[in-house]
């Protein structure tokens, strides 16, 4: 059965988590532990922490994130297309070119609008 | 193995998740939290769709996987909705410095 | 196609998307987990670190690690032991649970990607029908881990570094994913084993024009995905105090480190499988694979050859990355993002259409012939050249309007920028 | 037989984790924690998709939801100045109980309905122990069984075929929807950036951010 | 490699030419705005982009009219089509079953008529948008309007749930974005967010209900759903709690989209906050499309669930719709009485109208002549849409000159622009439902359909509903008359009153008035057309569907007659 493949993925997941946690557990057992006030401070170039952690992030982050989401979703349509392409006629190519053109138009729009500039 | 998990278990899971999401939508006041609750609801519907696809007998002419196609479209729509929703939330945040759904009351009536 | 069926028709090495939970499967999986994932791969990674230090030292006219063991071979072991006894310092204000979760997430993502890589015939942990989507999906988890690392530290620089890192990672994920589409298109399958088979029959994917372009973009994007120089900006220690792992020390930092090198290893493997024909030593021949006749001896021979060549190719990639790191300076963040969105993504989108041309000319007829291949080189090669020119010219034209904003560090613009 | 028990236990574990994660999303005060719980929920749903033998969909679920949507949500939380993720206005206290009760009632009604579902035409009811249609090839199976087997074993291809033929319009429309979302969201965000410049800065921007280091190539 | 895929027919893309044209034109508008018009001053840029958009709408309209011509020719007289286009060309276009893309979309007279309607309305809305400056991102704004319309046209044409869902979302997401586009007003952003949250919650509810419908029937095609539901030996919804839940959830989803009480909360805020043309498009286009698809889903697909036991409160959606209708029209009208704000008043008025239309939906499910009743609903929708586009053009006028939207801002309009004041009077009278205007005939038709003979129990309740509707119409007169009072009985403010309307405001008002008057004086052509298209719209069937029913054994034996009598083609008359 196809789904059984993912039993291995589950086991691998457990292995990986174990692989990550085992040394940490070991560290907790054997490594020295001396708490001190200064040690627990946030490290910001050695000077005392100033102000809130809040940094005024640019809206650019959001714009890149939506571009990413949109193109990521696009790939979800592209993969099935690529797989099925061989069994279908030319119309499949036409449809995909239309689809790609729509999304490239989105990219071109963002470019022309000047939001793809990290200033 | 998986052959014998009853269909209704999946439906129960979806129903519970859906109810949770709906409660979240009704009770949370932060717009981003509401957005997350909506995502839960959409996912619950997806679980339903895929479970019905796998367990059900398709009516003639329904195609090999209508449920999965619908679920894929829902995922697409959900992604677009989050993108748009965060955009609108940021827009409001810039105006009010808050993302509290109840706090925007410029209009009366 | 016939090669593939000839290969897998043999009952001994039957490879199928279908798996049954028989005892033999469980034993094989157990071996993979214990020997491969818990033993061999981390070991390889440890020696990659050693290799990098050696290589970098040579580039800088030093010797590199040479004290612990012969040629410093035990250096990695010593480093590991040191990490084990170092104190684990977590800032007071940090979010304790998430702080722990973040490196685990990154490491898990790096581990999971290796599950679908076919190292040789029959030597693949699993081969699900949607292997490539699975691969992309699990590798897309790591940005989340990196973000959480930065966020949970409650440190300005960590958060800033994490945001930048995520912005970079997600930007380069798009060209990375898009450049695998041609490969899928030609193989007609999402399974990495089928992609390998296709290359046995039709030659390495990197050896045709769209494939070469896809290979290049995939390489560049992958280097960025694993945060290597020149794209190692998220951890730029001179600017934002090592970025998202500022507040990580001891073993937790070690996990990030391990994940990074594991990532290098896995993208090298994936690039080898997708574009360089896996372990086949000759580009247009089914050479070791056609020796398979169903006997155990032939199987061992073929897999031996495949594995050796595979390792060589991976080593080549790894070495290239070390070389790049030792040579190139770090990119500026604006150029970095521009390069992803204004060069790579348009190129990849165009390349999908070129790949379809190649498919129609070379793959669709059913078998690789010299005539089809020559036609394909012309029909797909010209558009590729034109497409690359188009993208670069468009960028140059747009950049010319604002000289300092040139997206790719050309000599002239650097001079102007530094003025 | 043992396999069935294992599968059921696995299902129950995943479902329980998923529901806990969903509850965590709804109840966490800290928005980043809520988003993390949401990621857990998405992952559990992906696991359920695998159990439903829709592995392509599971991969897509991880790719889109965990890889992309979660990142976008995190960015949204950060950009609304919520770096600690604390949400002062989480659940309004007096409404907590009635809300939960209402949710439970809805759930109860749905469960009752699912148990007593009457499908038209006497199709298999949902509640019983009815097994899912087998994928094993049989003589004289109906056409849809073969179709479904193909769909399960090569979902990527069948999805592609469906999207390019039957659902061609839905497919193009999805492209249009994504483009529209991109264009609209960029237009809103972009314009807003100009508008925000006029707002008095409520919190001083950090030098580390307002002046990105330039020309590190030289360093 | 076996080719299992369905044979694709590229002609289908020609049949959706209006949608294709509009989508492409949206890109053209954005590109043109960015490349050419950006440097112009605001006024001329607005006009130029608006004009460009109108050209696109005109092209799409032309294609829709051409398709309409072809379809009506083919329907009335096939040989004439051959003569006109040549035999091969005519057969190229003929589509006997009226379905394209393997039955996921309808294409035929109903779709063509609705496309023409949407495009005409869109033209008016676009024209209104050029009346005043509310955004800097003009190209994007117009593109979103166009793309929302693409969603509407495909939504109204959809014959399958997946297509329905994606079209619905395309429409609403574009509208969420468009309603937040007013740069200077915080309330516009608020409107966008509110609309977004309510809208996406409602689509989640709708989707969940939809998933159960899919689970119960195993298909997503409307026609097949109707067949499967009508086939079984079960008493419709009786005892089928999950079917009921699915039905309720879908009703809630549609209730949100059409702003039916108690799911109307978003409407007043959104209508008030969004820019006037966007409000107009939400109130008209989105509502028309939602109602059309609601008719399709509830009468065609879920028709067997309407009320199989012929009692009003029997298991079925009829009772719910009746309650919704009563609540919606009463609440809408009463709340509108309290409004001083013109746009809010229109919002509540549109809620009230949704109530009247729901009466029509209820009537269509019990009436012995369902398509006739559905035709009445469509007629009402057309009239309502035109009247509202005109009314919202007035809102744009207020926003342009007074930067406000109070009814009091209309003071003394009769003196400054008497002609337009008369037009507004006509529109308001039509919205009330005063005889010579089309609104009256719309209401009349719906109420008459509701009173037609149905099962006895239902008839009494529907009669009460009609009585309530009549009462509500009287109530509504009070708030509409307030507008007339402001125009005719008050003095204009000495400074800052309404200026002369330019064509962007005058044309929509005049066109709406003409339509409303013409359809009022001669109601029958439009009514006949709507009745003619209602039947194919609600019974669209793939040609091989008969084979589908035959394939299931014993279907003929156990098949109950579908409770809605009109599905049997023969009517004694």
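Chains here go by letter, A, B, C, D and E, matching the order in which they are written, and residues are numbered from 1 within each.
Note that in this section contacts are C-beta pairs under 8 Å (C-beta built on N, C-alpha and C of every residue); 3 or more make two chains touch, one makes a residue touch a chain.
None of the values given here were measured: they were computed from a predicted structure.
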{"item": "Intersection of contact partners for chain B and chain C", "value": "A, D"}
{"item": "Given chain A and chain D, the chains that contact each of them", "value": "B, C, E"}
{"item": "Centroid-based (C-alpha) most distant chain relative to chain C", "value": "E"}
{"item": "Of B-D and B-E, pair with higher C-beta contact tally", "value": "B-D"}
{"item": "CA centroid of chain A to CA centroid of chain B, Å", "value": "21"}
{"item": "Chain C and chain D: spacing of chain centres that average the CA atoms, whole Å", "value": "27"}
{"item": "Separation of mean Cα positions, chain E and chain A [Å, integer]", "value": "40"}
{"item": "Length of the line joining the C-alpha centres of chain A and chain C, rounded to whole Å", "value": "15"}
{"item": "Per-residue overlap in chain A, given as positions that touch at least 2 other chains", "value": "1-6, 53, 55, 57, 59, 61-62, 65-70, 72-73, 75-77, 79, 82-88, 91, 96, 102-103, 105, 109-110, 113, 118"}
{"item": "Junction residues of chain C, two or more chains touched", "value": "17-18, 21, 128-129, 133-134, 136, 140, 154, 156-157, 159-160, 163, 170, 173, 188-190, 333-334"}
{"item": "Multi-partner residues of chain B (at least 2 other chains)", "value": "1-2, 11, 18, 21-22, 35, 51, 56-58, 62, 69, 72-73, 75-77, 79-80, 82-84, 86-91"}
{"item": "Chain pairs in mutual contact under the definition given at the outset", "value": "A-B, A-C, A-D, A-E, B-D, B-E, C-D, D-E"}
{"item": "Chain B-touching residues of chain E, taken from the complex the two chains share", "value": "103, 161-162, 165-166, 169, 173, 176-177, 180, 186-187, 189-190, 192-194, 196-197, 200-201, 203-205, 207-208, 210-212, 214-215, 217-221, 224-225, 227-228, 268-269, 272-273, 338-339, 341, 344, 542, 544-545, 547-548, 551-552"}
{"item": "Complex interface listing, chain B residues touching chain D", "value": "1-13, 15-24, 26-30, 32-33, 35-37, 39-40, 43, 46-47, 50-51, 53-58, 62-65, 68-69, 71-73, 75-80, 82-84, 86-91, 93-94, 97, 99-100, 102"}
{"item": "Residues of chain A that touch chain B when the two form their complex", "value": "1, 3-4, 59, 62, 65-66, 69-70, 72-73, 76-77"}
{"item": "In the complex, chain B residues that touch chain A", "value": "1-2, 72, 75-76, 79-80, 82-83, 86-87, 90"}
{"item": "Complex contact set, residues of chain D against chain A", "value": "50-51, 53, 55-56, 58, 60, 63-64, 67-69, 71-72, 75-76, 78-79, 81, 83-84, 135, 152-154, 156-161, 163-165, 168, 171-172, 174-176, 178-179, 181-183, 185-187, 189-190, 192-193, 196, 201, 203-206, 208-210, 212"}
